[in-house]
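In what follows, structures are represented as structure tokens.
The same chain A turns up in both complexes below, where it pairs with chain B and then with chain C.
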Partner chain A sequence: MIAGLVDAILYYLGAALLLIGGVLDVIAAIGMNRFRNFYLRLHAATVGAIGGGFYPLLGLGMIALTMHGLGETRLYIAGIAFTTALFLALTAPVGSHALAQGAHRGRVVLPEPVVVNKLLEDEEKQGR
Partner chain B sequence: MGRAAKAAALAVPLTILYLVYTGSWSLFEAVIGFAASFIVGLLFADAVVSRPSKLYSPVRWAWALVYAVLYFTIIELRAHAQVVKLIISPGGMKPGIVRVPYSVETDYAVTTIANSITNTPGTVVVDIDEKGKKMYVHWIKVEDETDEGARRHVSMVFEKYAKRIFD
Partner chain C sequence: MTRWSDLKEIIIATAAALLLVALSALLASSGLVAAPPPSDNRWLAEKFLTLTYNAERKALWAASPEVVTSILWDYRGIDTVYETSVFFFAIIGALMLVRSYKPARGEKIEGRGMSVIARTVTRITLVAIPVVAASIALHGHLTPGGGFQGGSVFAVATLLAIVALGTGFLVNRGWSKGRLLGFRTLGLVIIVFVAIAVPIIGLMDGGRAYLVQNQEKPWSGYGAGYIYSVLGLDILYSGTLLFLNLAEFLAVSAGLTLAFLVMGLPREKLYKGGDVE
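And then the complex of A and B:
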């Protein structure tokens, strides 16, 4: 009884996370096209990586845990999904950091339009 | 002794990660996993762990769990809602790069804060000044241009928990 309830909760929560992830992926793709600047597109990419990558993987793991017909295999699938989600959350910002810093240091793109740019102010103060 | 303690401290989380990843919960797998993790721990202990007692502290792990749950539910939900709203109607955008000071000591804490800021849509760390202890954050909708105001909006929660987990 209790086990069935836990299974049902896991299944529907996982399905909801998968659905949300798909919707967020589409929205992130729209944002990539709508935003007209490199730095703004990084924000849309974050929506795609966390909302469209991390949460669906968690949902996949939850759904896999409820598939008792698979036997032991469901544990492999869930474990791989959960660890992939963990490492995605840990490593996705590394790429964003590298891209943002590289773009700034190389002066390849200017963050236009911009309200305030404290980084450029400080660098000009130090004469870099 | 010091190196072995560090390696053991590193091997326990690695073994748990291995067991979750492979999904096999037999004693044989646990022993094999621990042996391999211990060797990896011996190789990397000096670079990764500085004070092994921190890894054994249950209070820190409990705070890490609280932070993970809070971060991946409420904080991420709020940030996603803001950016999704901006994607649908890009009118309210006010992008800018602000200064965000921080006051944590260890590298792990700084990395946690920077990763947390970048992982929430709407804020990306562009550069970091380790001597002056401040980050430069590209913010999609600048609500406060002053340093302390930006810190209150962007990284206050992350800093509070990073201090409890790693410092």
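And then the complex of A and C:
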């Protein structure tokens, strides 16, 4: 009874996460298309990486846990999905951060419109 | 931009998405995309699939459930040894470009690397990547993977360290040109040793065995065995495959790391050596 309840909760939570992931991916795609400059688009890309990658992987792991027909394999699938989700959550923001930092430090793109740019002031003070 | 053009774009995007879904449904239902696998394999694939791990027909088996590794290190083992030596010479060629740079003993290299955020996460992933690499290499005879793949994954870790933490991170911890070359050569020496071990045993026994021979053949009864029993557990090590995979892992990870390290040397080092003008 309890096991069935846990399974049901895991399954529907997983399905909901998968659905959220799909929706967020669409939103990220629209953002990539519609945002004006590099830094804003980076925001959309991160929505795609975390919302469209992290959440569906979590959901996939949860759904896999309920698939008892797979035997022990479901544990492997869930474990791999959760581990991948963890590392995605760790590395995706760093990727966008490195891109933004590289673009800013190399003066490839400057944020625009901009009210105040403390990073630029700091970098010019340090003479980079 | 007016409201109307926004609406138009949304309608176009939705229509395109719906068209994509309809087309993929059509393709999938007509069996064009998800074509069922053919009921019969081609004769060569069938040979490999039925022979590599067939304990009932040990005449041509490789004692490994992983068909690709069996082909690479058993059926066409000499070819792979040759490939490994080609890789060795490719790295030597890369080193030739910076041959005049001689690192002094105990020399430190300054390197800023990237920001604190990137450095912190790189330090975390630096632990995880070698673990994955080792598991790929050690399970090369059981699951897809092997020495080259594991070594390439390992080299990703060192590349990350070089980019995010600076070349000095590795160099100042003793990852010198000489040591990496040593590990690489050690890997190659192990490969050569394993390749000639079985023939030498055969010669000493007065019989005959092939180079890179793995399992016993009916006409050449020398092999490296395939089961190691310890503490009541039977561990499948697939004869020479495990050792060759490990040696290849050593050679490839050290070789690629060396190439990345040389590429990541600061420019002034290369100026001093006279390689760059």
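Following the convention adopted for this analysis, the second predicted complex is superposed on the first by the 123 of 128 C-alpha atoms of A that agree within 3 Å, B and C clash if a C-alpha of one lies under 4 Å from a C-alpha of the other, contacts with A are read in each partner's own complex, and residues count from 1 in each chain.
Quick note on the criterion: contacts are C-beta pairs under 8 Å (C-beta built on N, C-alpha and C of every residue); 3 or more make two chains touch, one makes a residue touch a chain.
Just so you know, these numbers come straight off a predicted model, no measurement behind them.
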Next item on the list: Please indicate which partner A:G79 is in contact with in the superposed arrangement: first for chain B, second for chain C, both, or neither.
Entry: first
Notebook entry, point to check: In the superposed arrangement, does chain B or chain C reach more residues of chain A?
Noted result: B
Margin query: Per the contact definition in the header, classify A:L90: touching chain B only (first), chain C only (second), both, or neither.
Written below: both
Notebook entry, point to check: Can A:I27 be said to touch chain B (first), chain C (second), both, or neither?
Noted result: first
Notebook entry, point to check: Given the touch rule stated above, what does A:V115 touch, chain B (first), chain C (second), both, or neither?
Noted result: first
Notebook entry, point to check: Which partner does A:A98 contact after superposing on A: first (chain B), second (chain C), both, neither?
Noted result: second
Next item on the list: Pick out the shared contact residues on chain A: the ones touching chain B in one complex and chain C in the other.
Entry: 30, 90, 93-94, 97, 101
Notebook entry, point to check: Where on chain A is chain C touching in the complex?
Noted result: 26, 30, 87, 90-91, 93-94, 97-98, 101
Margin query: Using the touch definition from the top, list the residues of chain C that touch chain A in their complex.
Written below: 13, 17, 114-115, 117-118, 121-122, 124-125, 128, 164
Item checked: Residues of chain B defined as touching chain A within the complex -> 17, 20-25, 72, 76, 80, 83-84, 87-88, 90, 93-99, 114-115, 118-127, 129, 136, 138, 140, 142, 145
Notebook entry, point to check: Touching chain B in the complex: which residues of chain A?
Noted result: 24, 27-28, 30-31, 34-35, 37, 39-40, 42-44, 46-47, 50-51, 54, 72, 75-80, 82-83, 89-90, 92-94, 96-97, 100-101, 104-105, 111, 113-120, 122
